[in-house]
């Protein structure tokens, strides 16, 4: 590099995003310090970094959320910047404040912009003033149940309870009837407290079955604020995005310009710097509403990277170092189609319960236009301490049709044994005619997959046959030699390999 | 040699024969030709059709991936019981276990209460998400072993049911 | 897919290109038949295809070059098309002829275009007539040594002996002095005979230290002939490309247009259809000369794919099915920078002798903008029967500087144990200031790396330390317990990890 | 325990000690902390600096990758000889072996001829390429074991040299 942007960067995160940030630093020839809790000793991000420092025990509050210890570690290891990733401290204004005091650069927005946008209530009001359309609802956070009740009456049911500090669907509840309001507020507060350390929640009108469309924004110190087009994130389960894509099938070129301009207006109104994302709800009439601005790199940033050719994490680091947004980024255009699937450690066949355990076998899919952002390897023990996102699978293809085809193939080739993942569920979602038709709304999963069943019966014979050989080849498990053969198996396949989803498990 | 595997409350039997190209496994009326092409990766043939399958066996449980679909088969131990507790849990409909270690957020039923199948019984928090656990069957709540706010593992059932005699 | 392009495609190749073609077919939902020689049983390409058919013993002439048996296999397995990949039969006009007779579609140009362009002598004359600049030299192939001698005198030494059927540096010899002419012609004929089954060679003026710049061309049945910009392939060893990149640092926008138009003129003059590559020599004065047109997909096609977003193999298949070139391809532009390194099984530290053996440990690099086109896996036994190319590592980054940085990092993370590869050599080439400056000419390796030495001594202690633990953890190898400790090791490191290249091995 | 490794004509000795976090290996004056983090992947520490190294041991040879640089160490067997023929060949300067199985295209020297170090001696074709093999040292050609056009393996030297007494 002609000029070194930073001397050394501490990456204040774990999992795939810590790995992603470390890779960007390597590209820029900047050494990195990884931090890890005792649960993450020898995790992938600790191995990739130039240095790795144990920061505390597994509970996040004693390790990844302990910003004082993190800033001290950065100073002690001669770092001059901290990258927060997403989640954990990434949207906590205390970190940029502590960084400033310690003369470290925080790779992200100012504490002020973060505080404004982190408060969903205040930012709603601010953006309404700036002429950006917002969703009807509370003008302040709710103090007691009566305020929620009256606000709900005014907006009309269904309504949505949201964490003021929220994000990622945590501390969020839809309420259809007055009877459920109190318990939902209670549950949302509990989740918000646990996830963000802040139990403030508020209420707004629930927009039924919208699309969730967001715009990537970049802003530098030189007066440039730009957007890098949209990401459609409508396919969600429990308000958690599971599949993201770009471009959105819903946007016309005119709407794209209109929403992109609104996103830039939001960033400017907030005095925003660095990378951020402006989220909109997009209803069936084609109206859009400002939802919130996320003041960090998003989980789904790779689909933007694959279609625009921009390296967003590199730009984050450059902007934080006071550089101008790169010229090629200012001129970036959309090209082709990209889709991301989040691979969660969860049992999609059993009410999406979180799954934990050792990854006994692991193999990533490969091929042109396939990208895996992973925080795990074979042998990684997935615990219960952290978010269940294991990896992200991203594909690029010239057209949406080819991208869907490539993603299905890649999901089939992505192997995880030992823990349950959402791969098969993703394959079913992507194969659905309504997904292929681009009819993706936030109720997509609920509507089409609430009674999903997977028929494993036709595959059991094959599974047993392979298991028999696996055992014979030196596994430690000892099979029973049963006394006598029984009659015909009830598991006979209908035809070889015709493994489908017919009977409910 | 005859091997037995269990999936939920069903069992399947296989017979293994070594052949020069790998193994022949009889399952029901079918004969599968199976060979390991790399650790954990198997090539199989049935009636000329070919399929690649990943499989790892660990602690009396076999993990199989077929085109992204995961199947876990239990390997009964010598005394005929399921060695893995998860397997045992999957079959026992009268005991409600936590899906994974976590915290009891709220119990939604009381001892002595009659419950329907699929009725919500308890909310358990794990991995930052609240997970609702539903009743696997209709019956009566016989015993509750935990209180709200307590830590729960996967060894002791949270709730024990009394099922009606079929 | 709305319309199936082919019912089933036989892939008449092996290694990474067979894998690449099979992946493209999967994307288009077209089943594939792989063929393999007995040396390639269980090779990666056979496992990925829907069906795999043994075609003969290891020698290519009895398997991968046996076009009659291949066409019969395609018919027997109900294929309606054959993709030849590169190498082997890909430029042999007998295959498209046999395909036509068997009512199979050959995914490539017509036998006529192939025959014309395959004969380097005839195509030179044809292109000169079409107004494309050619290199001075023989107007026909040489029959006897006297013809070579007089042609060499006329062109002036140094001259180049080339195989008329040639490609890939085989059957090629530079001759500096009259005394060496006869033996070089003899050696070139031997290699040409072995590689192409045709010992015809000819002579042309040797352009000293040019750049090798080629243009990707696509032509369909609907009157569209386009180019997809250049690939700079100047970094060669023994006339074999080892690093390719795009865009070329040497081209101005005006030159790019001029050479691109010349490439389209070449394709049209030859009546070309499908994907092909027009190669030019580019000398220091900025003049360019038609070298040859390769009538197949190239080894280095991925760098074009990563910068234009086009899937070239998908387009090959579409064009062969009679489709028009996709609209997005007709409008494709260059974006960012891509570099490819060919990973050969060879010992760069020992005169680049071919290496063979089992791949005992294998791990591909991962991360944004990294693509590996590989034909091997852990456990693959690399034999001596075929070309020593194991895999291709391709990176994309917004700028050339970042692409070089990403490639060096990826090469360091690409692990092969058990056979020697050219990875370390590639790292040294990419790290060279003249490479970074873009001063790449065909003599680059000769000029800067003819006396390359690698100093492994500082790394030997570390290697021995790790080996000790690897052995202690259950390897079969038994170390000797020596009687008595010796004095200080002569291998002490200068400092930890300062592993460089100082002393000649 | 003391272990010995050989690289070309040099040797290195290591001493292994088990510690709770993995292993301590003494080499010369340095002590390396080494732990295996996945099969074939090792984490090492020396004076606080950390490095990841890949290593596989097979048949008295250790294969190591450090940042893309490959090192192969020979592990002497109990009788003190190099077990691997490649290792033996690397040290023997008086014998010229084919780099890999192939065909002798052309012998460029005759028995009794005096040769210089680096002088071309024979052209061997393997993997479709002609490879020129040069003399490892100055000396006299003592014996040639193959003729033009013959197949050659890696067991028998193509050419044997007589080296001058040092």
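Letters A, B, C and D name the chains as they come in the text, with residue numbers starting at 1 for each one.
Note that contacts are C-beta pairs under 8 Å (C-beta built on N, C-alpha and C of every residue); 3 or more make two chains touch, one makes a residue touch a chain.
Just so it is clear, the structure is predicted and the values come from calculations on it, not from any experiment.
Centroid distances from chain A, each centroid being the mean of CA atoms, peak for D.
When the interfaces B-C and C-D are ranked by how many C-beta pairs touch across them, C-D comes first. The distance from the centre of chain B to the centre of chain D, with each centre set as the mean of the Cα atoms, comes to 52 Å. Chain A and chain D, compared by their mean Cα positions, are separated by 50 Å.
In whole angstrom, the spacing between the mean C-alpha positions of chain C and chain D is 29. Residues of chain D in contact with at least two other chains: none. Among the residues of chain A, none is found touching two or more other chains.
Chain D contributes residues 37-38, 43, 50, 52 to its touches with chain A in the complex. Within the complex formed with chain A, the residues of chain C that make contact are 1-2, 20, 23, 26-29, 302, 305, 309-311, 314, 326, 328-329, 335-336, 364, 366-369, 371-374, 396-399, 401-402, 405-406, 409. Contacts from chain B toward chain A in the complex involve residues 1-5, 7-8, 10, 12-16, 22-23, 25, 27-30, 32, 34-36, 40, 42, 44, 46-47, 49, 51, 53-71, 73, 75-78, 80, 99-102, 105, 125-132, 134.
Of all the residues in chain C, the ones that touch chain D in their complex are 170, 187, 190-191, 194-195, 238, 347, 350-351, 353-356, 360-361, 363, 384-388, 411-412, 414-418, 420-421, 423-424, 427, 454, 456, 459-473, 475-482, 485-486, 488-493, 496-497, 499, 505. Residues 42, 47, 50-52, 377-379 of chain A are the ones that touch chain D when the two sit in their complex.
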